[in-house]
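Notes follow the structure.
In this document, chain identifiers A, B, C and D correspond to the written order of the chains, with residue numbering beginning at 1 in each.
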């Protein structure tokens, strides 16, 4: 039985607690949150003990940590966890600064603790299926990857302002997905973007509509498009064109029902947002973490993947701001 | 060059003339119609000569006849054409009376002239593809056939009254399709039906909503449903479940465009009615007729197929009227 | 908190236990099974106490019973549970004999205990959505219902022999779905069937391929087809044609991925079988049961629905055996 | 009756002749080709006279010219046709040099003759439907346009070498489509490309895989991807994301048939190549040309559209060669 200490009992912490409850061989044994009420509520539901974060990290009752606290706390928690020799599951982004992520990599590597960066979309059964079939050679060498990722509606302005910008907050998932599917590291990044959805977002120095082109050393191409608004639900699609064929994963709709009237044939909107859309992905990423630790297997995506995605997001931000093509070294 | 004489220059005659214009090795050489204006208009368009029907049938300028006149004239025209030794392409139904069709079979067989019954749906590229793949064994032995056939709206009451009833006028196409797909002759027929669309249809002794079940000696089953109304266009679908898999042909929509909004994902309605939906089928059936004659190949569907479908329609009508299961011998 | 006693800890009992674990306001408090090991395993997982069935039914720790034992035990357990005044959730079929179900109705009604017959498919989110939209009038009056229901592969012969036959064991779900969607009681039943999948099934007096036609007093029609084999997964589709349009629920596929190659565009098979396909339905039916009891609301489907479906299955069996149309009074 | 003179009787000339035969109010009256046999064959089929090209252009029997000759002959023919005062329908590209197109614009404008550039895809019923619905405001302001365009297989190397390169030969259609859908002129172009399909194409100085990003002054974005190879047929898709929703046109498949087996649900490949895929588009563009002339209406796309697409193709070529973002003024 893997005893898990949960740092952060907000929305994402609760998602992870429900996932763990469905996984054989793991349980939430201790929880901690800056707001004691949040920790208390999750304790009532799962039977876990409540501790202070620092006590939780040190506790002998805890084998592995799930970090679901605000991004700016990750750095210190990772350092403490590594010092305590605990396996770490950390929400993305690891940090908004690439240099600080490099610091974390050092302490994690020198401590030798397992570390998983929670790029949950890699565990979506549809996207995972695409990647597995590429790896098996079903479509031959990858040539063009297309990723559409559009939120149903923009977040509050307060969130926008502290998010690090669209490329680091939203597109980072797609940049990681691009790496996952391309099978080669991008060497150049070009971004165009604008505030077409809400001018207030533009006034805050951010964008809400963006397109990025990545290319690899051998000439593979990835095109990503993002929008902070999609009237038809959470639009999450990938497509990979290869030498022998194409693989694509369509949106997950609310249901399979189609109505036919004089207006035509109509299906339901896409599942509304990430908690529904990636429910299975959250469960699968946690099962992967538990399974890797239980069987001493290497974990992917690791902390290095967290850094790589961050560097691409930084490059895209720079490309957009300068209007130039940015090389990745 | 096959010289074709066209009997009947109304809507369906014009369809056949356009088809012939696109086929190598055939042309409309003579046209005839009870209304001279109709014949004249088609002559202007195609360059064909206008003759009286009887002269057309006898004309040495004509190798083959296309009969697109009202159903009650088919009997005499077939007799005259057989006597004149012409190949015959005849619109369905051959006749509303099975006994009169049997008479026609006698004269056609004794004259030895090629005869094609215009069950155009067998030549729809989608349905033809399904049948060809069944014949190639792709889904193993046929077990259950499902046919949905629904018109966009009921015809005028005047048409209903002279149509012979839904089973003989509308479902006859589906009964022929059932024979085409089942690969065995039906031995029992059961029909339920009602006037749900328009009570006036019921008052005229007809129905507008019907379901028929056919079964064959070896136990294969076919379920057909018909409605005189479908708000979403001309609903024409078939599905065949076999030992190794299922084949199905979906509706042909007006276009491939999908719009996504908060109401969901919406495609266009089905193509409105038979002239659009079966445009390719009309062209292919005529090409088949021309090709069979040009190469002295046997023609299917023949006049016997016209009789078989009529007998099934009669049996369905009887089943509906008596509420019993009717055996076909 | 609703304390639930679980009678039967086999496969379906475990499904219900997992569902209950995800529902607010309910828990499995006591479990029982003829095989103590099965009860013990479920107790370890859920923390529930193990009791003898009779003790469980009487226990003050139990507010409601979930009966997931073999069909032939339902009758006695329902009688005991009614006598003990417990709310009852009972797996379908309530019993293979309509007369014995009538006995159960008497004791349940006289005891006044809530009773739910577990027709889980009514709670499938896709099918429930279709029914709700019919009820809201989205497609006008229902005219033709089509139900396709095909298992991936036949059960073992031992199961077939004690199943009561295809109509009572398999089609009973579709007969209940027909009632759920038609909005009127069927008044006539016609069935055709054969053993096309496996002759041994025929030798055992059963069938594996069947089609049923139901009609209602006002002329509404339902066509059902069943097969014990579908190479492409568990085929579960419904379609409802109404005065204003059509609603249909397509199969749920394993994932949304499509591969395009020279062979065409290929999606995954349908979800394999009922445990996956109806996972959400099982959760929703149990949530409905808990919610109705917690809020003293009437429960549907009730025990009368269990009887009605059984009578239709009996009528279909009789129709198939006699080759006649059977009236329902 | 509009009398059309057809210059060029090769594959595309024959396509136009078939289209004209189906259009009311127009006929091919004269044909010309450098190879007399080609002209003769088309004359036999259509009844048109054969003339020398220069005689055809001057002929009083000709109201309008259809230019379907090799690209390098367009310049002189356009000049002669303008001088003769004939309406001109010209295959794309007008010329491979933007400066020479500017010359053509001058003579066409000064002669005041109607001119249509044959960007046939604008007349595809699916793409035309998308554009019309954008124009009607169905999805609000356009924000992101995505165009996938992939040929089934590369052309012969001899063709590649004289084509002007992928951007001018193949992507030019997509660049015109981008202008058609964006509703604003692109102001920046970025291209990445490689020879991933066939290294020989790369050795010839061309590419076979490319992605272009366009952006407009107001921030609208278009992403285009091209490949010279798609195992699954001719891949032609567009998608437009707007403020209120998304419109997309999917591929046109060979038929509507789906087969279900243990491998899943499989549909046919996309229609193989442009002659089938755009058969309706060819007919519609010619009908548009005839209709505009018959009714003295302005024609679009005109010669200016030919120039604009060429300038974008030049910019994309330059961007690819320099690795920089190119501004359009």
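Structure notes:
Keep in mind that, in the parts below, contacts are C-beta pairs under 8 Å (C-beta built on N, C-alpha and C of every residue); 3 or more make two chains touch, one makes a residue touch a chain.
A quick note: this is a predicted structure, and the numbers were derived from the prediction, not measured.
The set of chains touching chain B and also touching chain C is given as A, D. Ranking all chains by how far their C-alpha centres lie from the centre of chain A, first place goes to B.
Between chain A and chain C, the centres computed from C-alpha atoms are 39 Å apart. Separating the centre of chain A from that of chain B, both taken as means of CA atoms, is a distance of 57 Å. Under the contact definition stated at the top, the residues of chain C that touch 2 or more other chains are 230-232, 235, 244-246, 260-262, 268. Chain contacts in this assembly form a complete graph, since each chain touches every other chain. Note for the complex: chain B touches chain C at residues 141, 143-144, 146, 148, 150, 188, 190, 192-197, 209-211, 213, 215, 218-221, 223, 225, 227, 229-232, 235, 241, 243-246, 323-325.
For chain C in complex with chain D, the touching residues are 230-232, 235, 253, 260-270.
Contacts from chain D toward chain B in the complex involve residues 21, 125-126, 129-130, 133, 138-139, 244-252, 255-262, 268.
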